[in-house]
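Paired with chain B in one complex and with chain C in the other, chain A is shared by the two complexes that follow.
Coming up: the complex of A and B.
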């Protein structure tokens, strides 16, 4: 089993235990929605097929015994969602989203909607990813996306800071258990919050850069608010995508400002960037960030943005620098934006 | 058979397939029994072991490349180019005045096979440059790739499974809701499902569903060959779906696009007839086909997918089925058992798979598009070449096309990794 799937399975079992559920007792109408990233190929496998004039299929077959016949299956993007179905014995709906850095957020949002539409009583949603393999890291570095600055040491990830220079890659998984309200109440579950809305929107601007005014991000936030029947003034906190890249952070700031322009509400928002602590889990990033948003709403604590020491004039919101803040919240948003210009936002409401 | 879930009118179809550009080419092949599968030919993979492959013809490749704006081509893969062309066809075929559809009301939902990139070609120059025998020096490989331009600089963008979605959204200005899926052969069905729900919920006015993929990737080919799923060299070039002589499948490639609208919207602009696509069912088997060819996961996945559609009615003379039938003996036997258990007597069954092979992600959407043609023409072409059926009791369409006023077509798909799907297409009237 490859790394991403191991992370995801471990997170799913943790989530089920936290929800007080055991796999054998999951409701019949359970489903799975996961987000995942780029399939991985081992360079050593690639090398098996390399002849003097480039790739050579004959060579690969001569050395077929050295090739893992499960490699493609194990490294496929959908392996986690399939493995969860098999390990947990779930025959229900199974979706695997592959929307770059917005993958897990899409999975959470669509999982919520499947419950809302009455297709399922329970959804296991989230994502897992690891880009810590040679081909993917090479690819990301050739795009200039990750930070290569050395002077900040382990304070390298600096969302919204003047000296930010790129994202810091990370790996892991996050899984949430979503339940129909009546189902959760009937079994006496601890309810953290309500996943109340979801929105997505496409930039249609550039593949490797966000729209400079955050158009797709704004559309996704507006759609999530509408889906959750929230007024922008109800929102007190945004868990930002906040990648620490030169292009994302000001574009996201603009998108938040325009979405919450009415009454200058954006000035009253607490905006935080978990990537300053966790790094960028790429396709999985939206899952731990949504979990943090849920806990913020449930506990009334907004986590800080670390390493924000020299604010960038183009990033002018309240990013909760340095230390956590106590704040009663009725609702919050969790933002995730992906390469290719696909943006996704989850709206979370306090559960009374 | 009814589904309590949403449905939409299919008003435009596009295709880039081994049969060429457009659905007409594919439909003509199925009607005439002409195979789209050819010899396995690749500029960079030398094989004498693979019996055949369904390759997109060169002129269709060139037309697809030309359909992508010049500045975007460096970010895309060939399957994504096909997807852009297929999307353009579907948009044109719908007859919609696109200037009148706000960009923010255009939904886009895609599915991709995940075997397309990154592939060996992304790192070929670096791998060749550091070739020292059996072992790889990873430090040298990294240095070659990063500092001596020995790797494709856009390999991570090309490796994204939302690559096609990105190219289409930029080329055709889609700014509405979107999602991208990778889930084996049913990725297109995942996209179709979300598109129907987005339309139903009023999140967009039109929904474009596009799936694309290619199996022309050496490791996937090698793995599937090692598993004995592929028709081997010397065994002819016939995918003998549901036949006792079946010896394996042939892999293929392509893209299919479906343009969907709410029936009321389409009728308001004068569309009087067409096929209705109903919310599909997509389910996972508890075991995938590759890990355990013999267990019951396949049947369970099929049963769940059918249940989601409301089940098979006891008496459905107007119903026909497009079954999967990959030509892999074990898989076909399992599918026959499931069909026999689920279908009432006398439901005609056919499959385009003998002529088109197994197409990643897009194959299931091709079935939906062909189902619309079956309804429009009242003609159900045969399972090409079927002479000794595995399950003789089932009503296989052999020889001449079956002619009738069909009202519903049930499209069934399985995936190698365990995703199964069922889609119902009905006549609008």
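Coming up: the complex of A and C.
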């Protein structure tokens, strides 16, 4: 089984346990929505194509039985969502989102909407990814996305810092259990918060760079607020995409500033970047960040942005540098911006 | 939940081996499509394929250098979306801020590592470290072309789409989810129009291996095809344009018997669409993968058997694009008041005398999506 599937299964089982649910007792109208990225293709599998006269597809076909049936070479990118369905015995809708680094956030947002529309009573949502394999990392490095700096050691991921130089790749998973309110109340579940809205928007700019003013990001935040019926002034905190890349962080700062320009509300927001601690989980990134946002709203604690030692002048918000902060929150946003300008935002409300 | 029935589906577009306009493709459906040679050695299974011609992107002002960073899937998607937007408002091609994009995408555009890397490594006698060879030989833009959602980014950037978006992957049910959620995006006023499309899986020599793996038997017997198919969901199209009347989604893990799941999903869909089985005049599906899928489809469609059209018989296996191709066929059929039905291997165009069509899309892993499309009578 690919690593990302193993991560996702582990996270889903943890989430179910935390929700006080056992698979056999899940409601009939349960579904799964996951975001996961490019399948991991082991070069060793491709070496099966190599014969004495060089590589030949015919050799690979003749030796197909030797291929790992669970590897990315034979499998599709819905491996995680379908593995979850098999392990948990869930026969409801099963969706896999492919929106680059916004995949898990799309899965969470659409999972919420499937409950809201009455298609499901419970959704297992989130994402898992692992790009820490050579072929994928080569592809990312050729695009100049990850940091190659040798300064800073384990403080390399420095969102909004003057010396940031690219993202730091990571792997992992995050899974949330979304449940219709009445269903959760009936079984006495601990409700952390409400996933109240979702918005998405496209930059329509360049394939390899975000819109410099964060146009698509702003539109996604505005749509999430509208979907959640929130006024911008209701929001106290943003869990930023905050990749530590030279282009994302100022563009996201501008997008937040314009979305929350009324009354200079952006000056009162706490903005944090979990990637400073977790690294970039790529397609899965939005899931642990949404969990952190939910916990911030539930517990009134905003996690810090680490390694922000010399703020970039073009990044002028309150990024909660260094250490966590107590802050009572009525609502917060979780931002995820996918490569090519595919942006998605979750709005979280405190549950009274 | 019923608001989505006001959203019109219109302007279907396609790019496939049979052609790139519905007039010609509709007329050609009466004759069996003859697949051409697949782009891999003859000795491999399924050595034929329905190969689409290379899309022309120059009319959309796409830079040639940028085109070289795209896989054919992204190029086919771009031309499909471009043709749709031209048909919609030809004088206003590159700035549509409130237009959304909902797409069904295959898993990946590019096999990694490619055979070319292996060739270089072998040519050097395996002297170089494999990792070094891989780093040296990987194409500069492989990071873009292996990312399936690049197709969405190219469409948004080329045509100025700033609306909401989502991309679903990797099989035909994902294509139908793009239709369902695109319609909802318009109904819920996220956008006034949604471009909805899907594109087929890359034709590469891995595909027959994957087909054999997914089908659970030796040999990739289904003929793969290339296609992209698009349509527009609008709040303000013609009064008589068809709409999504109902839908249902589910999944049953691969190894098990599907039981009556498809029967239940069809019943839910009809109930949501306020229709009875007698209202259904056409049933379109992709080809099921597993024996259990085939049995469940046979059981579920028993009452509709004469109305069933397996679309892959003409278009080949086209992955997520099967769903949007099927919607395109329904929209074209309703416009012409005709439907294609089969008599053995023969296809025949007959009058369409019912108000709606049912779509059933299977994935090899067990996901199923069902949709009902027709004219809203309420």
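Odds and ends about this structure:
Here is the rule we go by: the second predicted complex is superposed on the first by the 333 of 352 C-alpha atoms of A that agree within 3 Å, B and C clash if a C-alpha of one lies under 4 Å from a C-alpha of the other, contacts with A are read in each partner's own complex, and residues count from 1 in each chain.
Assume a contact is a pair of C-beta atoms (placed from the backbone, for glycine too) under 8 Å apart; a residue touches a chain by one contact, two chains touch by 3 or more.
Keep in mind that what you see is a predicted model, and the values were worked out from it rather than measured.
Steric overlap between chain B and chain C is present once the structures are superposed on chain A.
In the superposition on chain A, A:203 contacts both chain B and chain C. With both structures placed on the common chain, the touch criterion links A:258 to neither chain B nor chain C.
Once chain A of one complex is fitted onto chain A of the other, the partner contacts of A:223 extend to both chain B and chain C.
When both complexes are overlaid on chain A, the residue A:327 reaches neither chain B nor chain C. Legend: residue contacts after superposition of the two complexes on their common chain; A:82 is shown touching both chain B and chain C.
The interface of chain A with chain B overlaps its interface with chain C at residues 32, 38-39, 41, 43, 46-47, 49-50, 54-58, 60-61, 64, 67, 69, 73, 76-78, 82, 85-86, 89-100, 106, 110, 113, 117, 119, 134-136, 138-143, 199-208, 215-216, 219, 223, 338-342. The residues of chain A lying in touch with chain C in their complex are 31-32, 37-39, 41, 43, 46-47, 49-50, 54-58, 60-61, 64, 67, 69, 73-78, 82, 85-86, 89-100, 106, 110, 113, 117-119, 134-136, 138-143, 145, 199-208, 215-216, 219, 223, 227, 338-342.
Residues 5, 42, 44-49, 72, 75, 103-104, 108, 112, 114-115, 118-124, 127-128, 131, 136, 138, 141-142, 145-146, 151-157, 159-163, 165-167, 169-170, 173-184, 190, 194, 197, 203, 218-227, 281-288, 290-291, 300-301, 304, 308, 416-419 of chain B are the ones touching chain A in the complex. On the side of chain C, the complex with chain A involves touching residues 1, 40-41, 43-45, 66, 69, 101, 105, 107-108, 111-113, 115, 118-119, 122-123, 130-131, 134-135, 138-144, 146-150, 152-154, 156-157, 159-171, 174, 177, 181, 184, 190, 205-206, 208-210, 212-213, 249-254, 261, 363-367. Of all residues in chain A, those touching chain B in their complex are 32, 36, 38-39, 41, 43-47, 49-50, 52, 54-58, 60-61, 64, 67-73, 76-79, 81-82, 85-86, 89-100, 106, 110, 113, 117, 119, 134-136, 138-143, 199-208, 215-216, 219, 223, 338-342.
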